[in-house]
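Accompanying notes for the structure given below.
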Amino acid sequence: MNGGIRWGYAINQWKPQFDDFVRREQHERALKTISIAGFEGVELTYGTGRWEPLGNPQQLAANFGSVTGFGEFVRGCALDAVSSWYWDPAERSMEHLTGPLSPMAEDDLPAMVERARELAGALPELGGSVLVVRPVPGAGDVEPLGDDALGRVAACWDAVGRATAEHGVRTALHVDFLSALRRDHVPALLDRTDPAVVGLALDTGELTAGGIDPLTVISAYGDRIAHVQFKDALAVDEAEEYLQPHAHWTVRVRGGAREIPRWFAEPGADGGLVDFPAVTRALVEAGYSGWIVVESDQSPHPAASALLAGYLVQRELRPLIETEKEAADA
Amino acid sequence: MRDTLRWAYALNQWNVRLDVFVRHEDQQRALKTVSACGFDTIELASGTGRWDNISRPEVILLNHGSHAGFLDFLRRASVQGVSSMFWDPQAPAEEEEGYAFRSTANPADADAIVEWSKPFVDFVAGVGAEQLVVRPVGSAWMTPPLDGDGIKRIGDVWNRIGELTSASGVGLALHYDCLGAVHTAEELTALLDATDPASVGLALDTAEFTVGGIDPVTYYREHADRVTHIHLKDTRYADTGDEYRMPGAESTMLKGGAGRRIERWFYELGTEGGLVDVRAFVAALREHEYSGWVVVESDHGGNPAELAMLNSWYLQHELGIPKS
Amino acid sequence: MNQQNIKWSYMDHWRSNGPSGPVDQWHSHKTMSAFLKQIKATGFDAIDTFDFRIWQMYGDYGGPAKYQEMVQDNGLERIVNTFHAADYDVRNYAPHIPATHEYILEDFRVTMGRWSEIQLDNIIVMPATLYYDMEPVTEDKLKYTAECWNKVGEITAGFGVKLTCHHEFFCGIQSEADIETFYSYTDPQYVSLFVDTAQHCIAGVDPVALYNRHAHRVSGFHFKDTRNVATGDDHRHRPDSEIMAPTTGKWFYEMGTDQGLVDFAAMMTAVRDNGYRGWISVEHDKANKEGGDYSESTAISRWYAKNVLEEIYR
Amino acid sequence: MVWTKWSYMDHWVTETPQGPQPPSFNRAYMDRYVKQLSALGFTGFDTFFFYLPLYAGMYGGVPGFERFLQDNGFDKITGIFSAYPSATKYTAPHVRETHDRIVADCTNTLRMCEALTGVENFIVMPTSTYYQTEPVTDDTIKVVADLWNRVGKLTLEHGMKTTCHFEFWGAIRTRAQLETFFEYTDPEYVHFFCDTAQHTIAGVDPVQLFRDYRDRCTGFHFKDTKNVDEHEAYRTPPDPELMAPQVTRWFYEMGEGGLVDFPGLMKEIVASGYDGWLTVEHDKAELGGGSYAEATAVAKWYIDNVLAGAQAAAEAELGVAR
């Protein structure tokens, strides 16, 4: 099984706007596209409300009868599994009538654990094993993280990690390029969490856009990597624009001062900055086993992005893993 | 557009591939869009075959029975008429002309080209349009270098066709484009000198001039008496000097295939970084009491309805022309 | 121009294609500028908007007044109406459940305060929860709902803005009988009707007749078209009818569309005969579904207003 | 045994800064297109005669283009499609006087295919539109048959089989007309190319037709339709394919609930012993907001997940599993 590495594709690129990608037949076509492009699994993104049928277990049940029913739908599209669920606690929940939750607020802890438990509880049935989380808000939206704050955050994710572990699901902290954990805070948080239940989600595109070489992260924290996302970066935030307030809108969506039309794309895109063969090799060397979820993030043409990514995986990355493994065995 | 200048809109941007813009309801939607943007007159572009049924005279007539039938079709969308029609005899018409490649630069082709012009002349006259707008010569990369005699021979072909258009009561306007074998201002002036001012005029396209390295305002001021037709559009780029000579320049240059990866050259009026001084150009037209059509177009550049609306906005709000 | 009885406002649903996929006009100042220019170019006089955009107005433009200045810089008069799109939930926000009323009233007190720096004509609401959350629709529930909106209307009137009800085909009050009962319990001083031609048509209600019956309290219109009347459980499809009804992938079309079911000529005649003066809003939400295009739909609908409807009444 | 010979017919449209265009827009789009087909696992590539000069320009010759395909896991260019959908005074298969010109055109196309690995099919639309050809008499069909006998002999000299692809709006469309045509053509020179959607629209059962003409069949277009032409749309001038009043979109990819019984066809193919190329086609997939990339992916998904099963079942039944 490719040295324990399985390939998935993230669904988020199919939903550019809130009223897109709501109908069942669209989901079916997207899942079939992911399947035929050579992927085994699909990663879901947390969402809320009736126009997010794939957003959370309640919506899955409302649309497919039950989580099991959704699992059948996925397998009917010839995919093996939902690899993982991406969840940013700052997203509100219409189902629970809650607003944004914060890992820094102790009062939110019970709700955070409960929500994580719910998402993680659905994953095993869908063949999935990772809850990917946004560990802290964006750097521009919070005070710099001091020892206290980091302590609270670490306690929160440890609690979440213990809860998801009950379902056999790993909790993986996903550091994006706007994160308050960008640069040196990463070790600060990771070192405070329990390696048994909390790992790192390595996102090649986010790290690269944040000016961090994914290879250095692999060499430093290879044993803590619990999940991998492969997307390419087309630009680097060199001017530290991530420190601005509302950077999600002003930098990520609008492209910041340089008006970057698009930060991210599928691996291997024209102008992409990530060296995927090198990252793949490093992951194998670090003994990584688990999902690699390929993404384009947004895309002007979702099916094309999935197929182009599939091309790279089939023709380059998967064979490379075989070769590395053979070399290791020999 | 209520103005002393007469404004029309070109339909070419809707017909971006061979199998689109075929159904009448699609064409009606484009016509209504143009109308809603304040234009009641359109320019047509030539094409070939059964899917170019708002482009090829014979096929238009097959669709609508007669010139009057076609005008009725336009009027259903509140478009009142046709200003002009564009025709490139160098573009092979698969179905009507047996896919023959001909060039005005080749004397042996002259008779055939004059013959081919007839359905267009008849159609332009038949629908009450004023100008047959033509591509005077093929692309530079496909044409041997032209000397003075070569330009004269090209002029002769157009003089012959000019006689036909004059006899039918319509004008003939030579449309300079940035890939053409007549490329420099001097060559263009030589071509104008080789043609009869009584029957042959110049169609000045602001973006094509700019890409080709000719300043449209200056050239217009110097040759206002010969300019009988205008295409108003903008560009963000100029040819670096010799890209137009690249083999397959239609694609290697204008689609960014082998050059600077500029995949779109032509833009709506008021575009950011636009190189055409539209305001000065329109002012020059007013100074010279230009009396022909000013056709706004955006060529192939994305969403046609969006571009038509942005062009309309520019006319209304930057040039201060009331819509109705 | 100055003699006209009717002015046209554009309800600002919008999508265009960006380098990373479809975006709405709030994506950047550039996309907003292109949007407003296109609306103005086709001859609209103003725009309507949504309540939830207020955050972007404050965040990106310095508040509704500043945003309205940008609207005006592009030649449009102003923002006429706002649509209050709430999360209806029977636990805390359901007009037919009195226990939730105080929450709703507080929502409007806050909302109207946020908008108070500009003058709106209407704040538009869907007057009931989703149909399946309200059924069975009883006289009592209609009465509670009416009471709720009477009180909300009093709040909005305090800000000089009319509270007006827009009956989605999938909301709890959509049948002719229920609409009539609902208005019999509401106070005309505080609760107006906002006629959405397509929504009523989909629900099997004749929008012209409905308008004629309630003309005195109609405070605005969404002129949009549809090609389908809801059948079976379309109006109560779980979890959603608007995008997910199995029978129909796209409910809404711009007026002037082929095969449209709304009789706009009759509608405009009724507008004239009732002596209505003021704004008519043009809407075509989700125009981009199934290969559609907002720019084109906007041009077509404005063409239709100018060439067909203004011939009847302007 | 998995069917490895799936090829893709070169209709495709993608977004460019100049609007939706074929990938021949420029080399970068073309490369991306080929990679996407490769990712799906297609190994054959069918194209149109009029794209050959464009591809030659981009890849330094048609063989250069084929090498690019091969670098991406394809076997070769498998078919070339040539057609005269509109009858003109220069070219009209039912007008004998134009045959020399058509043969000359075919010669040009064959010249462009020189030095390729081995194009198998020279696919032709045997007639122009019905409305330009009617009345369709025995004699009309004879004239058309003579043309393709002649072309067939020519292409065979270049290693390609001339094979006829019948449009629902072409002059040879009914079962009876097809039979007459096959009778008048030489089985050695003129072959049958089965387009599942076109025959279905024309009211002809493609599976039965294949069963009856299996010996002359050299290929398929696997595409679907949701409509049988019940309003004589095939006679719509100037064009029934895009302008029929009742039907705005005729063609769909497999697996979308259309009328064609693809598993049935697959079983028939296995039973017949046919072992050539199977081609996926979907014209105008972008109508109604569709995307070619997605349509192609969904069709290939259907092949791997549904047709593969039908094939396996048929093989088991026949006891021919290798």
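Letters are used for the chains, namely A, B, C and D, taken in the order the chains are written, and counting of residues starts over at 1 for each.
Following the convention adopted for this analysis, a residue touches a chain if its C-beta (ideal position, glycine included) is under 8 Å from a C-beta of that chain, and two chains touch if they have at least 3 such contacts.
These numbers come from a predicted model, not from an experiment.
Taking C-D and B-C together, the pair of chains sharing more C-beta contacts is B-C.
Rounded to whole angstrom units, the spacing between the C-alpha centres of chain C and chain D is 49. With each centre defined as the average position of its C-alpha atoms, the distance from chain B to chain C rounds to 43 Å. Inter-chain spacing, taken between the CA centroids of chain B and chain D, is 36 Å. In chain A, the positions touching at least two other chains are 300, 302. Each of the following residues of chain C touches two or more other chains: 17. For chain D, the set of residues touching two or more other chains reads 15, 28. Interchain contacts give a graph that is no line, ring or star and is not complete, per the touch definition above. Those residues of chain C lying in contact with chain A across their complex are 15, 17-24, 27-28, 59-60, 87, 89, 91-92, 238-240, 243-244, 249, 286. Residues 25, 29, 32-33, 35-38, 77-78, 302-306, 308-313, 316-317, 323 of chain B are the ones that touch chain C when the two sit in their complex. On the side of chain D, the complex with chain C involves touching residues 15, 286-290. Only residues 13, 16-22, 24-28, 54, 57-58, 85-86, 88-91, 101, 129, 237-239, 242-243, 248, 284 of chain D touch chain B when the two sit together in their complex. Chain D contributes residues 14-15, 28, 32, 35-36, 38-41, 72-73, 255, 291, 293-294, 297-298, 300-301, 304-305 to its touches with chain A in the complex.
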